[in-house]
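Lettered A, B, C, D, E and F in written order, each chain numbered from 1.
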Amino acid sequence: MQAIDPDFLPISGFVLPRFAGIPTFMRLPHVPLEDARIDQVDIGLVGVPWDGGTTNRAGARHGPRAVRDATTMVRQLNQATGVMPFHLARCADLGDVAINPASIDDTLKRITSFYRELTKRNITPMTIGGDHLTSLPVLRAVAEKGPVGMIHFDSHTDFYDSYFGGFKYTHGTPFRRSVEEGLLDPKRVVQIGLRGSAYDGEDVEFARSNGVRLVFIEELQERGVRPVMEEACSIVGRQPTYLSFDIDGVDPAQAPGTGTPEIGGFSTFQAQQMLRHLGEVDLVAADFVELSPPFDVGGITAWAGANIVFEILCVLAQSARRRVK
Amino acid sequence: MQAIDPDFLPISGFVLPRFAGIPTFMRLPHVPLEDARIDQVDIGLVGVPWDGGTTNRAGARHGPRAVRDATTMVRQLNQATGVMPFHLARCADLGDVAINPASIDDTLKRITSFYRELTKRNITPMTIGGDHLTSLPVLRAVAEKGPVGMIHFDSHTDFYDSYFGGFKYTHGTPFRRSVEEGLLDPKRVVQIGLRGSAYDGEDVEFARSNGVRLVFIEELQERGVRPVMEEACSIVGRQPTYLSFDIDGVDPAQAPGTGTPEIGGFSTFQAQQMLRHLGEVDLVAADFVELSPPFDVGGITAWAGANIVFEILCVLAQSARRRVK
Amino acid sequence: MQAIDPDFLPISGFVLPRFAGIPTFMRLPHVPLEDARIDQVDIGLVGVPWDGGTTNRAGARHGPRAVRDATTMVRQLNQATGVMPFHLARCADLGDVAINPASIDDTLKRITSFYRELTKRNITPMTIGGDHLTSLPVLRAVAEKGPVGMIHFDSHTDFYDSYFGGFKYTHGTPFRRSVEEGLLDPKRVVQIGLRGSAYDGEDVEFARSNGVRLVFIEELQERGVRPVMEEACSIVGRQPTYLSFDIDGVDPAQAPGTGTPEIGGFSTFQAQQMLRHLGEVDLVAADFVELSPPFDVGGITAWAGANIVFEILCVLAQSARRRVK
Amino acid sequence: MQAIDPDFLPISGFVLPRFAGIPTFMRLPHVPLEDARIDQVDIGLVGVPWDGGTTNRAGARHGPRAVRDATTMVRQLNQATGVMPFHLARCADLGDVAINPASIDDTLKRITSFYRELTKRNITPMTIGGDHLTSLPVLRAVAEKGPVGMIHFDSHTDFYDSYFGGFKYTHGTPFRRSVEEGLLDPKRVVQIGLRGSAYDGEDVEFARSNGVRLVFIEELQERGVRPVMEEACSIVGRQPTYLSFDIDGVDPAQAPGTGTPEIGGFSTFQAQQMLRHLGEVDLVAADFVELSPPFDVGGITAWAGANIVFEILCVLAQSARRRVK
Amino acid sequence: MQAIDPDFLPISGFVLPRFAGIPTFMRLPHVPLEDARIDQVDIGLVGVPWDGGTTNRAGARHGPRAVRDATTMVRQLNQATGVMPFHLARCADLGDVAINPASIDDTLKRITSFYRELTKRNITPMTIGGDHLTSLPVLRAVAEKGPVGMIHFDSHTDFYDSYFGGFKYTHGTPFRRSVEEGLLDPKRVVQIGLRGSAYDGEDVEFARSNGVRLVFIEELQERGVRPVMEEACSIVGRQPTYLSFDIDGVDPAQAPGTGTPEIGGFSTFQAQQMLRHLGEVDLVAADFVELSPPFDVGGITAWAGANIVFEILCVLAQSARRRVK
Amino acid sequence: MQAIDPDFLPISGFVLPRFAGIPTFMRLPHVPLEDARIDQVDIGLVGVPWDGGTTNRAGARHGPRAVRDATTMVRQLNQATGVMPFHLARCADLGDVAINPASIDDTLKRITSFYRELTKRNITPMTIGGDHLTSLPVLRAVAEKGPVGMIHFDSHTDFYDSYFGGFKYTHGTPFRRSVEEGLLDPKRVVQIGLRGSAYDGEDVEFARSNGVRLVFIEELQERGVRPVMEEACSIVGRQPTYLSFDIDGVDPAQAPGTGTPEIGGFSTFQAQQMLRHLGEVDLVAADFVELSPPFDVGGITAWAGANIVFEILCVLAQSARRRVK
């Protein structure tokens, strides 16, 4: 990996105003899989415009485009950590997976197949969803060689078994499936920000009995970000770890644009603080999911998401950089 | 059928202000299938909160609730035609079909099964969707005994064969399937309001070669409402006929809340005029589809929809009344 | 009356951009009743920020401010008729009547009392409401010396007798009261644009039996603007006439910001055409009512209202001018 | 009282998707006063769609419907406290009080009369307003036998004497009237979250001189939720207590949909924490008021309100349960 | 020119859903000036994200991105005319001109310089603005060899001389400058849709005295589309002609997202009809301007704009095709 | 200075409801420069409706009007500090500076010239912008006699040198220019709330090397409001100090209506707390900038701004009062 490759830097807002130009993720070059430059890419930002697993209010299919639009307002330097991700790793917008809105099964296969092309090329994937079912087909590619750990920000566990009389593939079940399929090591899974009224305790019971560490919002607010994140880092350790960020973990006042909001969430400031703790974790892939632009107001959720994706990129780039050295 | 049954009249806005109360369709009584009063119902308003067939922007799953909310502002007398539908037929809100957002196949079955309960009881169904794929499972129940004719208001033919590499069940294909399954007699089908850019001419070709009468918007505007509707009525004749109203037939300025708008549409005034021509048609069922509240602005599409449903009810009640006499 | 008084001209958009400055009606000078300049005023624009009579969705209390804001985008010359109203009559913003949101009775008195100050000074009032009940206390001042005729644009007759068990003062009853109190001569009243579902026919029956001329929307669209307006002008003749414009007469796509919209209305273009026919009518006062900004989208109703008020001002200024000469 | 009565459980989102179905409060059965099942009801959720007392921006008349809509997304288990309110008490949606938008006096009577029907049947009322004047006629029924204490969340004291020259019944005066009428024992009243610019100090002076405990937002933020709530609980003690929650107590970023917002409020998380402290208080009735949907953005205030109503229900059900045992 | 070049076709919605993928204009390939494929391009779609000339409400700087987003919903075949523009000419998205928001002068130069690169390569430019001042620097490149005619849809003439005390470059003056600079032949200029209140008649006077043909909205509505367009075509004749479409020509109900709306405009249906008359005109360039997304509601103006750009492309492709043959 | 001048008190909401009347800042009298009462004014509230310096999303030109509208909901007494600003100083709305949207240079001159009229009369200016470039021409008048200190709330330093290839006057450069021109003493400048991704560190480097005290958001949240503000007050000391409040310092959930939001900001409650610490600072002028109403949602940013302006007025009035005594 050679850093500060001028061909993989975002266009500066000093050159082209930030509202101008075709909106790719972070104003990075668009490098589809069939492009010759694909082999130079270290981190691939991939859109998965899909909400086939949504049981409540949909719209996450519009997530990738809204994030692309908002990320053109993000700049290059993380002032809080000093990280410049595009100087650490060659990042590119790989476009969207061609999902199939008319079939869940077909789409699950299309996504896994796309991500296998990435793992084959050692490209670290940064997914912009899409609803939370997206994590499952991504993990099927990313965890092909063995279960990974996970740091998971969310208000829901997504550990339910089934909906509507036995249907197994929804955005409330991806991690149940992932544990069952051996993609996640539940003892290396931490979930942060849980809250809200619940159907029953079945998901929590499954998670706990399998060793998942659940951090409800009350605990997070009482103990504070630092101790919680130190514990989270020690649970996932230095083995390969997946990062999943569901925007509904953030409080609905700061992130209204999502299908299943829960009041009383953590703030975007806390989200930033928590993500900045992950610089030493061995992140092999990450996703940002459940942004539903039709329910957004004034684009504030998309803008929050764009910045969260930037924070994730910062830690992902540190991981990618370490793997190369 | 005994008219002016006080148990089946909407609550008056002179008694309870129109913004008050639990919103059922038209402020009618809620009579679920298992309610004893179900056998007295002549016309059942049924919600199908489903957008599993949507290939573009979704949200029609929220249609029934938005229409319920808006219909509480509708009153009882059609000033233009003098019809008072609730005096002609006992109408009730039968609730929503329990669709399954996680499976197209399962939902198709659930809908047909629900509507078979209605045909069994001689209840004329007025469906509030839902996306346009909804019409297919409804027709499977309604046209069980033989193909029906159809008057169809829309900007699209919905006669495409398949999407995304062979997938047959989407909101662009219901009438292709209906013709194939013998539910619709294409020679007795009229489509009004067609327009917009197109993928290719495959749908139009299929429709024309099967004898469907296509009225593009240019023809409607040039000839005017009356001659077009007279022709439409003569095409469907006096045999059983289905009415399908896709809100995207209306111009997007008056009906922005839909997933696939097409500019240059007919106006709500023209919609009213057209529907009022159907008093003599033998309508056996009707649907109103493709209202997508997340894309609505200020509720104007829901309000337009509520009034269109009222106009449809007026002609449906005339039909139902005739069948009883 | 001396025309083109520089002290009574709007601030030009060439001097101060139209989005700048304190928003008075039409960027006219603010001349409260206690201001010395009040005696120079020919036409007084008065806000009545009140929705105490609203039985459905409220918000008309915010109407005057929204119209003030929007009118700063209106310029001085009516290109269609060549009229420059501010060259014909000295116009001023007289501020708002200090209504009482906690009492209908008290507010009715406060409004009439304010308008008596205007009639005393021979100021022609242009009211910006407020809901339609506003017309009643205004008429009590304006028609003090005898009944006037009325040209009334609306989708409702507002001729109902009472609501909620005998309550007589709502926005659905002002003209019933006005006829009863001898403020309106029903034989010189024309209502244009009527439509929508109705509670019953009681209002229409009252109106017709008293000689009011009702022009439903179907008649307007079939006959066209010119013959309808010629008839309207001949009905009110050359005697003193009141003009009342309810924004819900306009189609909801062009005027969503109102409490009781009815689909299938006339267009803003038709509104302009109709108003321009009134240059010869002896208008003694006018109102613009039922704009409800909380239900507006993107300010389009306020903007439509601002232009309609400008059209009304053009004909009002012609009347005022004639009275002086 | 027999718990877990299957006839009084909400419809599960696993059976009928949460966006489906006719929206009653919490998806509970609709049991109007005249329904035979009314005598089985322990807690009655009642809508009061009224904003007749509003002196500023109105719209609270639309509150009950917006809360009904949003509560269909609430589930059954309070994960933070473990309480399942519908297992503790039979809850039902009793519909809306038929208020009269054209008369404050008449409406005050209608509301008290409705609530007397509830107290007669030992139904604990959970009111969903409506503006804050609603609390007065409710207290007239609930405190018929003697003054109650009150825990009151709000940014305003609502202890003003009169408005607009002596008018006594507005949403700024209900608790002045309640103290005067002997419905509230001011020494057992605690107000939490007070802030904002003020007309003068007259309301605060009245409250203080009568022994009301005022907790301004600065004190709440400095001392924290726990000590403040412990003090509040000890002030109201174990005697009958009313709970009044004005949504404008919450910060406007989380609850913009209200008529008189004040910046710098407490968060929804703090609201949840505060309410969860009330499990031991003897709550005899509660209200949730001042939600104004026309000023909401993206439904976030309605959603916050739905969850706050759920939290209140949890403590109310505990109280109701205790009274029965 | 070789038609149906597969490298220059939009991505089909049957392959990649229309909400997916990076939004280029019409889903065409992105071909910046420095790309080798630039020499194959026949028609270049260029964004000019600039509103430096706006004297009223701004936001047109966001126009190109909003149109890119909306055009991904446009398909390939014009059903009304049978034209498939991408089969007639190789079209590409050339990206945005790097305008300078901090300098009008600098930006004027940057735009002209960009367009000279196009004329040098015989690329027909289709501009997506940007405010109407954009037309001036484009014409400076396009009309370098001599004055062109113009068909101009708008509610304003944009023939004013100066603003704010002598400032010559605003969106109200481009065509005054163009005539002065010899870029436009005023005798071959037709303006259609003019209306609204005016500052004074100075612009109209200039236009008329130079031979411009002004078609006010009243004339358009009275005579109808066909005769007006036939006259327009005959005025511009077969010489090189520029097409300028200001979205504020369309009625604000259908196009609210613009800075200076005027009520009573032509409809999108009429816009389509008018544009379809231009198949025989020798169009050398076209622009679509004044879309201001911050003032749009529900994206309906962007969607109208996307379709209007498609209609323009259809006639532009016919022109481009003819020039090659 | 004579306090409690009844001619300079806001109109009470007990007399005229707060939604009524022509909206001046704080419902104060409108006193233009040419008004005789100008010499009695102590504090002049001035609108600068300008966004000519905006490099990103514009709209701040609409700021003053939105603040005027919202301030009519503010009352007279600051409950937290007991200050009644209108009793301490005669405040008036001086109207808007007649800026020129077509020229940055001309506008810079017009603003400075307007403010020189104020300093000449010893009127303390409270500016309501406008984008942040506004501060420069104001400082040119206010700091004419020598550099002032500054307390600056913002998420950006606005210390950049130039944009777009050397352009020196944008909203990202005003304080670089102010230091260069000797208007600000950088050693007496404190910036609070800094955060967000950055182009590079050039601005921070300039600020630090000149002795500016930068308080990033992380420091503010870790240390808390009190110590930070005590330090800030000690840095500016008792010499003349300017106060600049950029609304984008506040978190975007509470202030979405701004052009360049940055997530993770301070809250409105913290803003209030910080401003209340400034009672002893010698404030000679203040501005509130970067409110962009087109990007606001539900008016919450305008409302936050109105309250922040009120807090600033409270400390400004204390300063003005001290100077007089």
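Simple rule for what comes next: contacts are C-beta pairs under 8 Å (C-beta built on N, C-alpha and C of every residue); 3 or more make two chains touch, one makes a residue touch a chain.
Keep in mind the model is a prediction, meaning the values are calculated, not measured.
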Query: A-F or B-D: which has the larger count of contacting C-beta pairs?
result: A-F
- request: Taking all residue numbers used at the chain B/chain C interface, answer same if over half belong to both copies and different if under half do.
  value: different
Query: What whole-number Å value describes the gap between the mean CA coordinates of chain A and chain E?
result: 40
- prompt: In whole angstrom, how far does the Cα centroid of chain D sit from the Cα centroid of chain E?
  reply: 56
Query: Taking each residue of chain B in turn, which ones touch at least two of the other chains?
result: 15, 17, 19, 55, 57, 61-62, 101, 163-164, 251, 253-254, 295, 297-298
- prompt: Which of line, ring, star, complete and other names the graph you get from chains that touch?
  reply: other
Statement: Here the pairs of chains that touch are A-B, A-D, A-E, A-F, B-C, B-D, B-E, C-D, C-E, C-F, D-F, E-F
In the complex with chain A, residue positions of chain E that touch it: 15-17, 19-24, 30, 47, 49, 61-62, 64-65, 68-69, 93, 95-96, 98-99, 101
- prompt: Where on chain E is chain F touching in the complex?
  reply: 51, 53-55, 57-59, 61-62, 100-104, 106, 163-165, 167, 169-170, 294-295
Message: So in the complex, the part of chain A that touches chain F is made up of which residues?
response: 12-15, 17-19, 73-80, 251, 253-254, 267-269, 272, 297-300, 303-304, 307, 310
Statement: Listed in rising order, chain C residues that touch chain B in their complex are 55-57, 163-164, 194-201, 204, 216-218, 221, 251-254, 256-257, 260-265, 295-298
